[in-house]
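As structure tokens, here come the structures.
Each of the two complexes below includes subunit A, the first together with subunit B, the second together with subunit C.
Moving on to the complex of A and B:
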């Protein structure tokens, strides 16, 4: 319980820092911190594979790409408050955040006190168990996700295809 | 309960001590070996045969001025080397340095943590190490540092895939991701996994070299193009942290290679297991140094082509073959 509270405070702090930080690199860093804290949460819940996968995929790959782009784009620029193009976005965002939070809190209050349905089977959340799920009953979802990622990769290749030799050079590429 | 916590703390302190000592003398070994490779002597003035050189270096590093560029982001600038060193040290927590020992009726395993997915933990922590480089390069607000950081992130992402695929075969054959059990599997089957997995082992070793930013993959700090890349602006103790992180990463990569492919602590019984482990790691470190002394740096496009068009497909095909054999399809 103490561990949960410490982690929850940390996770909330990092999540807030993502939104509040002035500089995009600081936001990205806070997001990395959040991802790592989430991984520790999974560890507490005995989901060792999920914790490792979370760090490898999100902190190790996706956030590195984020930072890659952000560091390149913000290099040598001074911090300045850009004018917001959507005038009401802060208000709308706050409203949506409060709505989402209220829904979550409502669900939590409603479910609190109900015991979980039995104990998790041994090995639950481990490597073997995840593998059996992903390649067994959940295989269609895995295949669909793979298809989606393949589409994205193909799209990138098509967009970056070099012009055939002799073709007129287009402006603005 | 208290006893196990005490044992844990002792193990952690010992591990950090071993890694720091390992760093100091790997560095000395590298400098002396590089000297011999280049037909000179290397540092041999401090103490007998230069053995006290690391101490002199350490004292020098501590007392050097700690500079920070005026335009730097102070928080991130200070955080980055700490991240690099922490990530480097954490990976070793899951590597078993020897067979479990029995002491006063207790069984003590020679690793700090032994999670069921130990291998994935090693990968998770080593993938965090790149933050030290990327953040350090960005926070310096120096174009050479930034170029080094960008190169480093691109290189790490490209080579991590091939690295992950190269150890999949080991997982499939041993049937577990627990590093201790992988070593035990190699013991009971009397088969060190580099024999059936020689191609993945070579890919693992090449990608490990890339992940530790060693020559010929030292593009992030290429001194002839980028001054010193991501750590151009670092000096004193913060520079030392980056330096330690690089060498600890080297030791870690060697330790992982030994554990996965060369039977970890296994060996003939006339030496204790931990000595066997350290000997094998030392042999790998020698190869690291040898390669550095021999090969020139990759060109950037060659590096990317090699990673994506050579290493990745070979690792993938070999893994598919291993999986087919292991499951009895072939």
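Moving on to the complex of A and C:
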């Protein structure tokens, strides 16, 4: 239980750091910490494959992509906020988010459900069992994921195609 | 570790992410907050998968991780695309999407 409390405090602290950080670089670094803490949770919940995938895909690929874009777009600039066009929007939004989170967390803690009896089967959460599921009964998910990644790659290519020759390029405002 | 507490933590992280999406106006930080919301959902899936000894929940978490990867590719491409046209990172400046 003490381990859970330490991990939970770490996860929530990193999550809050992502939201309140002044500069996106600090947000990205805090998100790396958050993702690693979640990977520890996955290990404790016997999801070894997912823990490895989480660290490789999230902390590796996704966060490096984020850091690239952050350094590309905000190098040497401070993130100062312009005037607020919707007054009081932030306060209301934060209040509603905290209210919703408290409801979610409270419901989860109160409605426990009955755990499955006995110990988890051997190999549960490992690479072999995960592969057997993904290439067996759950193959549609794998196929859809492949299709989705292909679509995303196509989308990125379409977004980054060069402007047609002769079209006026609008720079800034 | 009791499952309800882990799912409660997932709910709290989800709320923090939602607050980040709504309160911050830097699109990069909003995007990272959205990633945290994905992560919270994946944690809940894994926790319940552990509680019921069903690996289907872990498959769902796998789908979430893959979706996040695809989403980050598209989203960051969009952010860079917008930034080339309006060199300030503020979502309120691009509120009009009239082309």
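One rule holds in what follows: the second predicted complex is superposed on the first by the 133 of 173 C-alpha atoms of A that agree within 3 Å, B and C clash if a C-alpha of one lies under 4 Å from a C-alpha of the other, contacts with A are read in each partner's own complex, and residues count from 1 in each chain.
The criterion applied here is as follows: contacts are C-beta pairs under 8 Å (C-beta built on N, C-alpha and C of every residue); 3 or more make two chains touch, one makes a residue touch a chain.
Only a predicted model underlies this, so the values are computations on that prediction, with no experimental measurement involved.
Superposition model on subunit A: subunit B and subunit C are shown accommodated side by side without a clash.
In the superposition on chain A, A:151 makes contact with subunit C only, while subunit B stays out of contact range.
By the touch criterion stated above, A:29 is placed in contact with subunit B alone, subunit C being left untouched. In the superposed model, more residues of subunit A are touched by C than by the other of subunit B and subunit C. Using the contact criterion defined above for the overlaid structures, shared-chain residue A:135 touches neither subunit B nor subunit C, since it reaches no partner. Of the two partner chains placed by the overlay, subunit B and subunit C both lie in contact with A:65. Judged by the touch definition given at the top, the superposed model places A:127 against subunit B, while subunit C stays out of reach.
In the superposition on chain A, A:52 contacts subunit B only, with no contact to subunit C. Aligning both complexes on chain A leaves subunit B and subunit C separated at their closest CA atoms by 13 Å. In the superposition on chain A, the residues of subunit A touched by subunit B in one structure and by subunit C in the other are 49, 53, 61, 65, 72. Chain contact summary for the complex, subunit A toward subunit B: residues 23, 25-26, 29, 32, 36, 39, 48-49, 51-53, 55-56, 59-61, 64-65, 67-68, 71-72, 75-76, 126-127. Those residues of subunit B whose C-beta lies close enough to touch subunit A in the complex are 73, 75-76, 115-117, 120-121, 123-125, 127-128, 130-131, 134-135, 137-138, 141, 143, 146, 149-150, 153-154, 156-157, 160, 176-177. By the touch rule above, subunit A contacts subunit C in their complex via residues 1, 3-4, 8, 11-12, 15-16, 18-19, 21, 24, 27-28, 31, 34-35, 38, 41-42, 44-47, 49-50, 53-54, 57-58, 61-62, 65-66, 69-70, 72-74, 79, 81-82, 85, 89-90, 93-94, 96-98, 100-102, 104-113, 115-116, 118, 120-121, 124-125, 129-130, 133-134, 138, 141, 144-145, 148-149, 151-153, 155-156, 159-160, 170-173. Partner subunit A is touched in their complex by these residues of subunit C: 1-20, 22-26, 28-29, 31-33, 35-36, 39, 42-44, 46-56, 58-63, 65-74, 76-81, 83, 85-90, 92-93.
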